[in-house]
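One structure is given below, represented as structure tokens, and several questions about it will come after.
Every chain is named by a letter (A, B and C) in the order it is written, and numbering of its residues begins at 1.
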């Protein structure tokens, strides 16, 4: 386990260094590589992360994946069963570059002026951020502007109007929660902020809309939950299927 | 202390198992037993929890109590004085079944598909949730939809429209805070959400109201603080008296 | 380090005791001493705290400073470089009385009825609270009424209408964040709450205003960021200069 963690660190610090020194050159040389920042917050549906990674494997030569896990998401991938492998095993996929948790934001060395800042580096690196699953708690933190861990710091530092990274990049979220949590009136209210205030408009504009403006406006895309019986025995609020999520990513990034 | 904690764990996991296997049968056999989920957040008024438990003791054969303490609430019941006994001693009351803290949500075993989820089990089990005291911080987390600990997860997963547990169940809160905290304009704003947006309407409707609808609408009931000199030396924002709280619980549950 | 921490504790508990026993007498005897509560949240600009302390040193006989650092602010003052000294070294300035972190709120002894409550004591002690830098995360917590650490508890317990401490005391904040964080639409929305709902009005009222009323109304003052290239390489959102902050404090407290 510690060994695995060391490996993670080696790989990601190497990756970060390469990223900062060679980003531009690499981007120009390989315009087709898409960087997917994939994150999970503390929902049972975190156990779908390995399946999402696998579903994207066929684009292995055109994508790179970096993974962020919240403190509670890590509990679901601790190797307790075959469908819940230890998360570090995801590094065996050649298209998975690194896995980050909150400790990586602050270590291994104390930050000095001039050093890179992980949540900013990851934001720059990413062509898309996919949070699947999005927990009720992380939904609340996002809508209220909180950034008390690595994932919500990346989200709080998103380039919402493409003025900094100079490309249109969206945050795609797939909520997953107990039916009662989902039915709680605050859910709809907060999802509405993501969709109506911050949401990417449909790329096919309705008549009268100015397509460019509408598409450029938002940076959030919500993949709505589906009705099925959940781990807790209630029905509803389940995360969209792995296929739906993979297709949404492919469509957004133009992967074929 | 560890010994005591072991006992707590044994009791609660036993209780949880019994609960899930035998809930329906038990409910039908003993329709008179009311399950009270009693919680404290990090206010000095947490030291009133033993008195609330004691005030309800006379209904011992008709109620069961389970207690949730937030991380900071535990600081106030650590055995530092006679009126601040160690919280595990509350298990000596026969009507107190279990005491939970945040660690219980995630342990002792890592969660596997099929295992129960504590905050959902407790929501199902409860006929009422009483948060006394409710701290300013937990008030803010509730109103903003955050659920980063056991207590706020139960609240976020409440069956707000009785569509899941098929019975009307309320969350009763007794705010307790320093006078300045209480007078801060955000307090009134947030209490208003609990009362006006999510609140149980008065069971005696004003003319023109449809009683049933009004009563069915909300799921929050606020027991307002009283003016008295607080631990910090200021006046106002003190938690309602133990008698007031006990009576509100009795009245809501139809205990005599 | 531990030694240093012991000293901090000794100094601050001594200070707290003196404060509570002798506040009134001392205030009457030395009306010119102003108590500045200076805080930093987890922004890189925390490294400016030593400079702010130094800039105020020339008022050494007329001011006392106590410092609060959030958990993440401490990471920036760990002695990793000359401009990032270990924060305890700030105690060498004769006008710096104490440095507090979250642990101090809850220790060293478990709280008993009658004991003082640190965030209330500090609120009472302070003639002004200056949060420089204010991080995006702490901004969000303030606006949403959260108080899950020492700094936000002091802010949540502020005497917003001067009805408790009987003097007009403001909270001055200097936001500092990555340009993308700053440009995120939620920033402007939350800054607006501080300025328009809770803000101190300009002491020079526009015609028709009643100066007294306007000044008395709010308790927040925002020192807006400036545009310059940040530690992360982006531009904008940088904390106002040390001079600007020092002058704002001097002007508010009438220091010359």
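List of remarks:
The working rule: a residue touches a chain if its C-beta (ideal position, glycine included) is under 8 Å from a C-beta of that chain, and two chains touch if they have at least 3 such contacts.
Just so we're clear, the structure is a prediction, and the values are computed from it rather than from any experiment.
Residue numbering shows that chain B and chain C use the same positions for less than half of their mutual interface.
Copies chain A and chain C of the same sequence differ in orientation by 120 degrees, per CA superposition (steps of 5). Chain B and chain C have centres, each the mean of its CA atoms, that are 35 Å apart. Counting only residues that touch two or more partner chains, chain B has 144. Residues 44, 47, 72, 75-76, 78, 80-81, 83-84, 135-137, 139-141, 143-144, 178-181, 183-187, 190, 231-234 of chain A touch chain B in their complex. Those residues of chain C that touch chain B in the shared complex are 106, 109-114, 116-117, 120, 123, 144-148, 153, 156-161, 163-164, 197-198.
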